[in-house]
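If you scroll down you'll find the structure; I have some questions about it.
A, B, C and D are the chain letters, set down in written order, and residue numbers restart from 1 in every chain.
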C-alpha cells in the first residue's frame, strides 16, 4: 500500500525557542520512504541527529513570530497488520540487549504498580501474544476515546482510573500492563490510514516470539496502513515537538491518502 | 585518593531468575579502575553488554537456591568535588545531542508537573549552577533521611509532599526540579567514601556550563571520594539488580576504605 | 544555496544480488534535506540502517533482470566552503573519542608508509590547517585527473607513484598524507554543484582546530555547493553500491542544479 | 577453565606521548572477567571509552621518561573451541547490520584482490564453515611462523607471496580469503593458554550459520583457553598501543596460567 502522509504545523513564538522535532520517518523493516518533503517557513538553520532509539530528530530554534513546518511523505507500507495468536513470550534471557530497556517503567508507564490489574485483565490467557491482545482488547472495550480529557501529564496509572483519554493514553496503558507481565513494550507515533478523525496517531508494540508486534487499543481489529515516525519508551521520548522556549502550537493539520 | 569498594549481595531464588545486574564500574574521566573482582557463587554463566548510557550491564540467570555476588574495586578517584558557583546554564541549542534526553521527565522524575516548586525554590538565583545548588540545598535542609519510608515506586512528586526518604529519593527530587528549569540532570549510583551508614549511594549530576557537575542532597557540603557505577535517567535505569523472576535479596553489605 | 541533485542508476543482475546502497543523504550541520525521492523500479522490499559512521544504508536484494534506482534530493546547503588558514591542529589528547579512528590507516589509505612524503610535501608549513591545504594543493598541481586510469583496488600508495586517477584517488592520497602527520581525515562522497563533468564526487575532510574542514584536491580553490551523502574511512566504507551477487551497473546519470 | 593472564609493558618516551591502549578485556558471551588489575607506573590520569567495535580503549598521555603498564586478568573461559563442520554460510541478506562491515576490505586485508586465491584454496569445499577451515588449514600448512619477518605494514597481499610471518599476518590472510568469498571475518587479539612461545596473540573469527566461529591458523587443531581483549577489522583497529608521540616500547612480558 502506497500512502501519502502530510503534516502541517503552525507555531507562534514570543521569543526564540530551541526545540527538538520528530517529523521525519525513516525507512525500516516495514516501510520504505519513497518521497519526502520537509519545509521550514521561514527557512531556519536546523540540524539532525539519531537518538538512542534510532529516531531522526531535528534540532532547530524557532524564530520569534510565526513559523510553519510542513512535511510530506510518500511511503510504501504494509496493507495488513501481522498478528500471531498463541505465540509464546520471548524468555527474558533470550531478549536482545537493546530490548531490555522496554521492560522498565517510564514516566507515563508505571508498570511497577499495575501488576495486579495486568494479571486480572489477562486471567486465563496463554502467556505471550494472547496476553498482549487481551490487554489491548480490554482497553478498547473499557476505555472511552475523547479529546480534551487528558493532557501531557496523564499517565497509565491515572488512565486505569479515569478510563477516558486519547490514543497515547491508550498506548501508555497497554504498555504498562504488558511490562508488568514482563513483556517488552514500546510506543510508536505515526500515521494510520483512514484514522477517523485524521490526526497524528500513537499505538504500541509488544515483543513476543522474537519480534515486535503491533497493538492498537483505539481500533476494533487489526489494521494495516501504518507509518511509524518514531519509537520510544513513552510519549516523553517521542513528542513530535519538544520545545524549550515560549512556543505555542497554533494548529496542526494531518492528512493520509492512498496514492 | 585510592579507594577500595566492596559489595556483597546474597540472594535466594525459588526458581531460576533471569536478571540484569550493574555492579561493574567503568573507568571514566574522573575515576580509574586499578583493580577489580567480580565473583558469582556458585559460578554461573553470565554475559555483559554496554547499555544506551554507557553502563556495563551483567546478564545472568540466578540459579534456584542461594546465590552470592561479591565485587571489589580499587579505584583512583578525586579527593574533592568540583563546584562552580555562578556558572551559567548551557543554552539548550548548544547541548550535546546525547544530553538532550536528560531534559525529559522519567518514571520517578515528573519534572513536567513541578515547575512552580522549582521556580519557588530557586527564586532570586542566578540561572545555572546556582539554581541546581539551591535545589540541592533546599532538599538537604527540608527533607529528612530515613530508611524504610519509601519503596521502589516512590517518585519525586510524592517526595515533595512527604519530604522523607533515602538517597535515591533525594536525587529524584533534585533532578525533577532541575529538569523543570531546563537544566539536564542524570542519576548516578555508586559509592561515597565515609558515607554514614555505609551503603550503596545515589546522587545526581546537572549539566551546566558545558559539563556535568555533582550534586548530593544527602550531604551538607561538597565531598569527594566518589565512585560512579552507573548513570541513567532515574532509579529505573540504574537498579543494581533488575530481576525478572522470583528472586529475593537476602542481604547486602557494602564497604569503602582508603588504601 | 538550494540544490536539486539527482542520481539514476541502472543495473542488470543475472541472479538475485543482495546489496548495500548509500544514496540517501542525511540532514546535518551543513545541509538540510528539504525534499527527497527514492524510487526502486521494479519496487523491491528494502530496509535501512544507520552504520557506525552515521550513514543511512539501504539493504535490498536486486532482483534478477533489469533494475533502476532513481533518487532526487532538494537540499539547502552552504554557498561557500569554510577555510581557516593558520588554524592549529587539535592536540591528539583533545580529539573526541569517535574521531580517533580517522587517524588509522585503512584499505586505500596507507598512511603508515607515507610519512616521508607527507613531511616533504608540507615542509615549512605551520602545523594544522596549512599542512592539510599544502597536501591538497600538492595533489591538485601534481596529479592528473583522468577517468579509467584507476579501478576499485587503487590505493594512495599507488597514487603517489602513478599520479593519475579520479576524485576518490585524490581523496585517498590527501587522507593518507594527513593521517601520516596525525591529522584525522575522513572521506566524503556526495555532490558538487557545477562539477565538470557532472558525476558523483568524493573529497576529504581534515579535523583541525576542533572541527572538520573540507578539502577537495580536484578543485583549484575552495568551492561551496556541496552535498554529503556518506562519510567513512575510505572508498570501501562509502561505496554507493556494495553488491554481494552478480550485479552489473549499466549506467549512472547524475545532475545537480540550483533551484 | 579459569585462566590468569598478565601483561607487563615497559615504555620510554622522549616527550609526552598521547596514546590509545587496549589492554582491558570485557566480559562477553564466552568469557567472564572474575578479577582484573590495571596499573600505570608512575600513575597517570587516563580515561576510557567504548569504540565502534565495543572494545574498552584507554586514553592516556605517556609522560616523558620511563613508564610501565601492568595488567592482570583472571577469567573464566571455555576449555574447548566450538567447531561446526558442514555449517552453511549465513546468506548476505540475513547478516545482522553490524556484521556487514566485516565483509569489506581493510588496511591489511585486501580481500578485493584475492578472490582467485580464495577460490583455489577452497576448491571443492562445501560453502560456509568448511571454506573458512580450508583457508585456515592452507595457511597453517603453507606459511612459516617466524618472528621478525614482517612489520606493522605487512598485509595479506604480501603474505600470500612471502608466506612467512607471525600470528597477526596469519589472521590477516585468513580474513582476506574469507571476505573474498563473502564470509564476514574479524580479527581478535588476546591470550591463548599454553601458546608457545607465550606472547600476545591474534587470530580470526568467521561468521557462518548465524554466529562467529574461531579460526587460528597458527595452531594445528582447535584449542580452547582463549581470552579476547579486542575485536576489529584488522591489526590497525586492535593495536595494544597506538601511540601518537615519541614512544618506544622497551619490553613486553606476557604470561597465562591456569588457576
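In the analysis below, a residue touches a chain if its C-beta (ideal position, glycine included) is under 8 Å from a C-beta of that chain, and two chains touch if they have at least 3 such contacts.
Everything numeric in this text was worked out from a predicted model, so none of it was measured.
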Statement: Under the touch definition above, the chains in contact with both chain A and chain D are B, C
Query: Measuring centre to centre, with centres taken as mean CA positions, what chain is farthest from chain C?
result: B
Task: Could you work out how far chain C has to rotate to sit on chain D, using CA atoms and steps of 5 degrees?
output: 180
- prompt: Between chain A and chain B, what is the separation of their C-alpha centroids in Å?
  reply: 29
- prompt: Approximately how many whole Å separate the CA-defined centres of chain B and chain D?
  reply: 36
Cα-centroid distance, chain B relative to chain C, in whole angstrom: 43
Task: Send over the residues of chain A in touch with two or more other chains.
output: none
- prompt: Tell me, which pairs of chains are in touch?
  reply: A-B, A-C, B-D, C-D
Query: What residues on chain C touch chain A, complex-wise?
result: 24, 26-29, 32-40, 43, 45-48, 50, 54, 56, 58, 76
- line: Within their complex, chain B touches chain A through residues 18, 20, 49, 51-52, 57, 59, 61, 91-93, 97-98, 100-101, 103-107, 109-110, 112-113, 152-153, 182, 236-237, 242, 244-245
